[in-house]
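Sharing a structure with you now.
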Amino acid sequence: MSEGTVKKFMFVNRKAPYGTIYALESLEVVLISAAFDQDVSLVFMDDGVFQLKKGQQTKGIENKNFSPTYRALDGYDIEKLYVEQESLEARGLTEDDLLVDVTVLPKAEMGKLMETMDVVLSF
Amino acid sequence: MLHIVNKSPLERNALDACLRVAQGGALLLTEDAVYAATRGNAAVEKITAAMAGMKVYVLGPDLDARGMSDRLIEGVTSVGYDGFVDLVAEYPTNQSWL
Amino acid sequence: MKFAILINEGPYQHQATDTAFLFCKAALAKGHEIRRVFFYHDGVNNSSSLTEPPQDDRNIVQRWSKLAEEHKLDLVVCVAAALRRGIKDENLAPGFRISGLGQLVEAGIEADRLVTFGD
Amino acid sequence: MSEGTVKKFMFVNRKAPYGTIYALESLEVVLISAAFDQDVSLVFMDDGVFQLKKGQQTKGIENKNFSPTYRALDGYDIEKLYVEQESLEARGLTEDDLLVDVTVLPKAEMGKLMETMDVVLSF
Amino acid sequence: MLHIVNKSPLERNALDACLRVAQGGALLLTEDAVYAATRGNAAVEKITAAMAGMKVYVLGPDLDARGMSDRLIEGVTSVGYDGFVDLVAEYPTNQSWL
Amino acid sequence: MKFAILINEGPYQHQATDTAFLFCKAALAKGHEIRRVFFYHDGVNNSSSLTEPPQDDRNIVQRWSKLAEEHKLDLVVCVAAALRRGIKDENLAPGFRISGLGQLVEAGIEADRLVTFGD
């Protein structure tokens, strides 16, 4: 039954990187989903917007810097990246601070986008 | 869609995030989130405001466990695990705000 | 209706897996199908055959194994998350199997509803 | 060296019961500490005040109701229970809602009490 | 005493709880809490207010990991793990606001 | 100065154990003594001999074992918490030992400072 089925998957990232593993392991699911030819959207809101911050240097915490992977998403045909505007603003960030090109949406637009999905996974 | 929140409203930002973004539908409070719908909790105002745009449910067994069943605010519906299942079936999509 | 379940937290530490279990029981009692239960992040720890809770407490792992046996549930533990956390075939409880993340995406595609339980 | 040493231990409980295991496992440490004849204080603040709520019935979530243990603390000579006033108020609770007798302290008094401790453990 | 906070100020209430109760001493922000002391974060006001009564430190390696080193607000001191050790040694008691 | 360390979260899921490790290394480098590292709650999962992280990632468990060997550290895993979560002698990594909660209280009494790392 999954043969040929294309669903709209949304991965909602709401947590900061490194403090917990959710950001990293969420990215692993996203990469796998690409292999299934699904319609994939990524959302970054709340502290999740920090995942996309430029200039991460993790040597001091002896942890793997996985942020370059966001730049590679393009190569997996994952191109729909959405960031909530209010979340960016509350953290003093702008689009220029982010590693990748994203679509910035105000909260209500983000909510409407969610309503159009088939499967929403939140990390 | 069905929005599911399982975090205390005074400890985490999950409920705030959900209510900020959600466009109607239903909200189910489970686990530590049930406190949000209990009389006197500082989060009650948010729930009351949310009720204008969405139906609000609470998982009854979680209220009982926490000794808060007699404090459920009016307008919020208490459901069991079977009601939780029905809500998931009723709405085409759901999201857990972890 | 066909459900798929995603569990992101380990046993005892968080209530998430308790809620997921009681949700599954209720769904099965109503005649729904549980297409797959996928264990990710610390959720993989739900499959450890070595857990031994106090006598007066629920046995979360055994409870999953039993439910799986009774209803032919497919309990899948993410291999990458499991390796990170020390879950292998040698300490895998009955009824669970270790496989890749693709099983989660596939469950999301095939099920009518995917419900996530976590922290 | 531990022979005869009496330190002031404070256990700060800030989390709701059942949602996570911290409340239960914290209680286990507290009970053990009694066996070491230390000067033990328990603090309940933020969602930790919910641990002491009367009327907990956990059958529906198939979890162990450990709240009666708070009533037994007395028998272990653990008698210093402090609750932060602001935390109670924000949750609509009063002393009458609690399972055990406690001393209610406003935030600043709680902070001063903490300063007098030797070891503070937070759960 | 030394207060240690490791939670994001916009996700959890740990920093709020600490600042509400703490009576002077020092505050060390680690892990996701370092965001609280970065320019433009909604929590900066709280940190600035806290600095009137306590010394505020941030764990530098955590700032670096998050790409926020160039945004540390003025008046907050960045320390390494060795500085973390020194702070623990300097203050007779410490508390981690988990 | 004598330190005692309490770790409440498991490996990889939370940064707490990373921070604790780097804190211990720095304290030892400064000539302080680590009287004991006590693993509680999900922290007991730091002692699983079965973890196998990806090659390019840190090996949290081995790192503790190695530090324990080099500095004769006393790494104690709470027995009650360990049983609940499936940590037993058969999957206990080198350098760790399983014992009771009294070891935590004792460490708090004997050390000059107790520092907690958790979530």
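Note that the chains are named A, B, C, D, E and F in the order they appear, and that numbering of residues resets to 1 at the start of each chain.
One rule holds in what follows: a contact is a pair of C-beta atoms (placed from the backbone, for glycine too) under 8 Å apart; a residue touches a chain by one contact, two chains touch by 3 or more.
As the structure is a computational prediction, the values presented were derived from the model and not from experiment.
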{"item": "Those chains which touch chain E and also touch chain D", "value": "B, F"}
{"item": "Selected interface, B-D versus B-C, where C-beta contact pairs are more numerous", "value": "B-D"}
{"item": "Whole-Å separation of chain centres (CA-atom averages), chain B against chain E", "value": "32"}
{"item": "Chain D and chain F: spacing of chain centres that average the CA atoms, whole Å", "value": "25"}
{"item": "Inter-centroid spacing, chain E versus chain A (mean Cα positions, whole Å)", "value": "27"}
{"item": "Shared interface positions of chain C, touching two or more other chains", "value": "8, 12-13, 15, 19, 22, 41, 57, 80, 116, 118-119"}
{"item": "Contacts with 2+ other chains: residues of chain A", "value": "18-22, 46, 61, 63, 119, 122-123"}
{"item": "Multi-chain contact sites of chain E, meaning residues that touch two or more partners", "value": "6, 10-11, 13, 31-32, 61, 80, 94-96, 98"}
{"item": "Pairs of chains, among all present, that meet the touch criterion", "value": "A-B, A-C, A-E, A-F, B-C, B-D, B-E, C-D, C-F, D-E, D-F, E-F"}
{"item": "Residue numbers on chain F that touch chain E, as the complex places them", "value": "1, 3, 8, 15-16, 19, 22-23, 25-27, 29-30, 32, 113, 115-119"}
{"item": "In the complex, chain F residues that touch chain A", "value": "12-15, 18-19, 22, 56-58, 119"}
{"item": "For the chain E and chain F complex, residues of the former touching the latter", "value": "4, 6, 30-32, 59, 61, 80-82, 84-86, 88-89, 94-96, 98"}
{"item": "Chain D to chain E touching residues, read off their complex", "value": "12, 14, 45-46, 84, 86, 107-108, 110-112, 114-115, 117-120, 122-123"}
{"item": "Of chain E, residues touching chain B in the complex", "value": "10-13"}
